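Each of the two complexes below includes chain A, the first together with chain B, the second together with chain C.
Now for the complex of A and B:
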C-alpha cells in the first residue's frame, strides 16, 4: 500500500505538516484561522515532527500489515481496512482506554482528551489515491506518498 | 557596559488576530528573533536580531507576520544620513572592519536601464521564434585568426571550446561559502540546461564530480582543492585573480565553517581558517600569469580552455589585453555589483567600476588591438534578467555569469548577512540543520526554470531585432541606443543616443 515516507535529509523541522494536519482534522478543515482560533479546543495534529537538530523528520501511523493496535483494541474501534490497508479508529466506539497507545511500536497514536476521550491517529486523510495534506503542504518535499515494497510486504 | 546606540533595523509586526501560536517562526529563525514566552502564552520577537530574510514571513501559515523598516527617524541630514550614522555606531561598539554580504546596495548608476534595444519595423522583417529556429548556442574559447577549408571541411584544428546551450553560466560560488545543497542545486541545473556552473575556490566535492562535465573549476590564490584530478575533471579552468565585490582583497573562510566535508574538499585541516591571499604570490606580472595559464594547459594536455577572472577596475581594458596576450582563452570580468559571501563594506561599496563600462571598454580595446578573436569575454556582476544578458552581448560579451540572480532563485532574500553563517534559507551556511532546508531537487528545478525562461526571452528579443542567431548580435552596438548619458559615457559604451 501507499504510505507516507519522510525524507529526513531535507526535513526543515518547520512543523507546518502538523499545522495543516491539525486543520484538516478539525471542525474547520478548510481554514487554519478558524480551526485554531474559533474551534473551542485546539486542534490536534496526527503527525508528529521529531526534532533533535540537525535530525528532524515527520512521523505518523505506519498502517502496519500486522497492526498491534487493531489486535489490542478492546472495543474493536481500531480496524484495518482490508482493501485500502488504512488503519482507522472509529471514534464513536473508542472508549479512550489507551491500549493502542501502549502497543504502538512507533508512538504514532496520540490521546485526544479535548472532548470525548479518543485515540487520535493518522488516517492518511482517508484516501489511498491523492496525497495526504501533510505531503501536499510540505514546503521542502520532505514527505512523499508512495508504494515502496519491502521484504515480505 | 554602556547602552547600545544601535536601533533595530526592522520591526516585527505580528497580527494577534492571525497568529495561531504554531511556533513555526520560532523553529525557523536561526537568528533567534522569535521565541515562545510561556508566561504570556505568546510568541515574542527580539527585533534587534532581525535581518529581514523573510524566512518567517514565507513560512507563517496564516500570514500573521510583517517585517517593516524601523520607522524611527534620525534628525534629517542629507549628508550624515541614517546609514552613515549606523555604520559609525556599529564600529564604535564593535571596533572592527564592517563586514557585509552580497553585491553592493548603493545607488550606483544602472547603465543597463539606460540602454534600449532595437526592433525591426517595415524595412526588415522581425522573426517569430515560435515558428522559426533561433540559435543561442554559445562557444567560449579562443577562435583562430583565420579558417582553412579544404573539400568543404575545416582543416585547421579549433582550440578547445566550452559549449553552452544559452549564453548564461552560474558564477563562482564556492563550497564552504555556500552549502553543499546549494552547490548540488547549481550543478544539477547547469547539467540539465547544458550550461556551466563554477566551483569558485572551494574545490570540487566528491558528490559533485558527477556534474563535472558542466563545471568550470577555479584556481584561486589559496589553491584550495586543486590537484591534477580536479583540473582534469572540469570542462574549463578559471584562474581567479579578483572578484567584483572585493577587488584587491583575498578571501577568508573562518575555521568554524571548515567542517569535515569542506576540509576534505578544500584539502585543508578541519577547523583551520581558509585564507586566500589578496594576490597570487606567484603572479606579479602578465608574464607570471602566462606561466600559470600554460602550467594549467600542460596539466590538462591543452584540452580545456583556461579563463582568467578579474574585477572591473580602472585599467581593466589594458589588463584584459595583457590577459589575452598571456594566453587566456576566456576573460571574465566581474563588475562592482558582483556579489560575495563576505567582504569589507567599504571595499564592496567603493572599489571597482560598473560592469557595463568595463565590458564596453574591454571589447573595444581588444578589437582595436585585433585580438578580440583570441579570447571570449564573459561579464559578471549584477546581471538581473534576460534583457541585461542581451544588452551585455550587444555591448560585446560572449556570455554572462549570474550569481545573485541564481541565489535569489534558490530562496535568497539578500539580507546581506551571508558572513554570519546563519542563512535561514540553507544557502550560505554550513550548519547541518540549516543546510537541509534547501532541497537540491527543488533548487535545481527552480534554477532550470529560470534558465529556460531567460532562454525564451532572449530568443524573443533577438527575433524582434530580426536576428536569428546570437552570434549576429555579439558586439553589435548598433542594436543599442542610450538615454540620459553624458558624451563621455556614450563614447565609452560605443553607442548612439536614442533618436540618432
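Now for the complex of A and C:
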C-alpha cells in the first residue's frame, strides 16, 4: 500500500503538516483560521513533528501490515481495512483505555481528551490514492506518498 | 469440523481470524458456554458504570461469524475432550469430531475458601453476567467491600463510586496494583482513588463474609476489624480454566503447557490466551500472561498454524494500559526488580502526579512505569519487544519528548522507512 514517508534531510521542522492535518480533521476542514479560532476545542493533529535540532521529521501511523494496535484493542474499535490497508479507529466504540498507545512502537497514536476520550490517529485522509493533506502542503517536499516495497510486503 | 474453537473471547476470536487469513474455506465451529456474541471482557466495568451501552460491548461486528463462515454454538458447554478419538462431547449430548482443536477457555476467578460465600451479594467480576448480577440489585447496595486492589478490583471500585456506592478495598499486599506499580506510583494512584471516597485496608484480607438471613451484612478482616457492607466483590485474580485439558490428559502446569507454536503435547490441540502458559521473553520462562493483547496474538498465531503454517510465537511480557478517575498509566515488564543486575532511572513531578520509571538489564530496557504522562509509551514497549541495545541513548530515555529523533539513525530509518512485521 501507499504510505507517507518522511525525508528528514529536507524537513525544516516548520510543523505546517501538523497545522494542516489538525485543520483537515476539524469541524472546519477548509479553514485554518476557523478550525483554530471557532472550534470549541483545539483541533488535534494526527501527525507529529519530532525535533532534536538540527534534526526534524514528521511521523504518523505506519498502517502496519500486522498492526499491534488492532490486535491489542480491547473493544475492537481499531481495525485495518482489508481492501485499502488503512488502520482507523471507530471513535464511537473507543473508550480511551490507551492500550493502543501502549503497543504502538512508533508512538503514532495520540490521546484526544477534548470530548469523549478517544485514540486519534492518521487515517491517510481516508484514501489510498491522492496525496494526504500533510504531503500536499509540505513546502519542502519532505513528505512523500508512495509505495515502497520491502522484503515480505 | 476441520477447526474446533472452544472459547469466544480474545484468544478464540484471534484464532478464527488467524485461520481465515490462511484458509478461507475450512469448516470452523466455535463453542462458548456464554450466550453472547463475542464481547469485550475489559469493558464490563464501563458497562456497569453506564459508560458503555450494551450494543457497544461487542468485540466484533454483528455479522462477524457469518462473514467468516463460522458455525456458532453459544450457551453450550464442552463436557469432555477425547484427544485420541479427536472428538469432544457437548452438554447437549452431541459428539463433535475435529481435525484441529483450540482451547481458548480463558480464566476463572480465584475464590478463596472462607465462610459466607453462599450469601446473596457475593460476586466475582470477570464476565458480563457478573456485572449484570450486580446491576440487578444495584439500588440495594449502599456499601460494598472489594477484595483485591488489582486491575479488576480497582476498575470495579471506580464503577461503584460512579454509582454512588461507598467502597472499601481490602488488599493483602502493601500497595494497590502491586503487579504493575512500585510503591511510589501505587501511592499516587491510591491517593487519587481516596480523593474520590474509596477507602483502603492494605496488608489485610477478608477472613469471613458475614450474613443476616440469606444476605451479606459485613465482613470480618484478618486483623479482626469488622466492616458493614451489603455486597462483596471478590477480585483477587484469575486462574487458568484448564479443567477440560487436565481431565483429557494434556500436559498442564499452572496453565496448559504449549510450545513455541502454541501446540499442546497433542500436536492437533492448541491453546492460547489466559488458559495457556506462553513464553515470557523478560522472565525467560513460560508463564501465564492473562492480558488481552497477549491472548489475541497467541490465538492469531495459533490460527495460522492450525491452518498449516509454521509460525513461531516469539513470546510476550506483561503490559497494561489503564486509567482510574482520569489518571492514566501505562506499564510493562519488570517494574520492581529485586536484584543488582537491574538499574532503575526515575523522573517524578509529584505536583502533577507524574512518575516515570525505566528499568534496565544488560543495556536493554526490561520494564517501565509511565504514570499520568503516558504519551508515546509504546516506543518503550517496542524497544523492549525488539530487545534493542539502549546504551548509546540511555540518558535520553526519560526525556519528556523522547522519540525516534533520539534513536540511532540506522534504527530510525529502518523503522520509519520500512514497515516492520511483528
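The criterion applied here is as follows: the second predicted complex is superposed on the first by the 153 of 153 C-alpha atoms of A that agree within 3 Å, B and C clash if a C-alpha of one lies under 4 Å from a C-alpha of the other, contacts with A are read in each partner's own complex, and residues count from 1 in each chain.
One rule holds for everything that comes next: a residue touches a chain if its C-beta (ideal position, glycine included) is under 8 Å from a C-beta of that chain, and two chains touch if they have at least 3 such contacts.
Since the structure is predicted, the reported quantities are computational estimates derived from the model, not experimental observations.
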Open item on the list: Taking chain A as the common reference, can chain B and chain C both be placed on it without clashing, or not? Answer clash or fit.
Closed with: fit
Task: Superposition-derived comparison: chain B or chain C, residues of chain A touched - done: C
Open item on the list: Looking at A:92 after the superposition, I want to know if it touches chain B, chain C, both of them or none. Which is it: first, second, both, neither?
Closed with: second
Task: Contacts of A:37 with chain B and chain C, given as first, second, both or neither - done: first
TODO: With the two complexes superposed on chain A, say which partner A:68 touches: chain B (first), chain C (second), both, or neither.
DONE: second
TODO: Have a look at where A:139 lands relative to chain B and chain C in the superposition and call it first, second, both or neither.
DONE: first
Task: Contacts of A:56 with chain B and chain C, given as first, second, both or neither - done: both
Task: Touched partner set for A:5, first chain B, second chain C, both or neither - done: second
TODO: Quick one: classify A:19 as touching chain B (first), chain C (second), both or neither.
DONE: first
Task: Inter-chain angle, chain B to chain C through the CA centre of chain A, in degrees rounded to a multiple of 10 - done: 150
TODO: Examine A:105 and indicate which partner it touches, taking first as chain B and second as chain C; both and neither are also allowed.
DONE: second
Open item on the list: Quick check on the superposed model: minimum Cα to Cα separation from chain B to chain C, whole Å please.
Closed with: 14
Open item on the list: By the touch definition above, which chain A residues appear in both interfaces, chain B in one complex and chain C in the other?
Closed with: 51, 56
Open item on the list: Residue numbers of chain A touching chain B in their complex, please.
Closed with: 9-16, 18-20, 32-33, 36-37, 51, 53-54, 56, 139-142
Task: Contact set on chain B toward chain A in their complex - done: 17-18, 20-24, 27-28, 59, 61-62, 426, 431-433, 435-437, 439, 441-442
Task: chain C partner contacts - residues on chain A that touch it in the complex - done: 3, 5-6, 48, 50-52, 55-57, 59, 62-66, 68, 71-72, 74-76, 92-93, 95-107, 109-111, 148, 150, 152-153
- [ ] Within their complex, state which residues of chain C touch chain A.
- [x] 14, 40, 42-43, 46, 51-52, 56, 58-61, 292-293, 296-297, 300, 319-323, 328, 330, 332, 374-379, 381-382, 385-386, 401, 403-406, 415-422
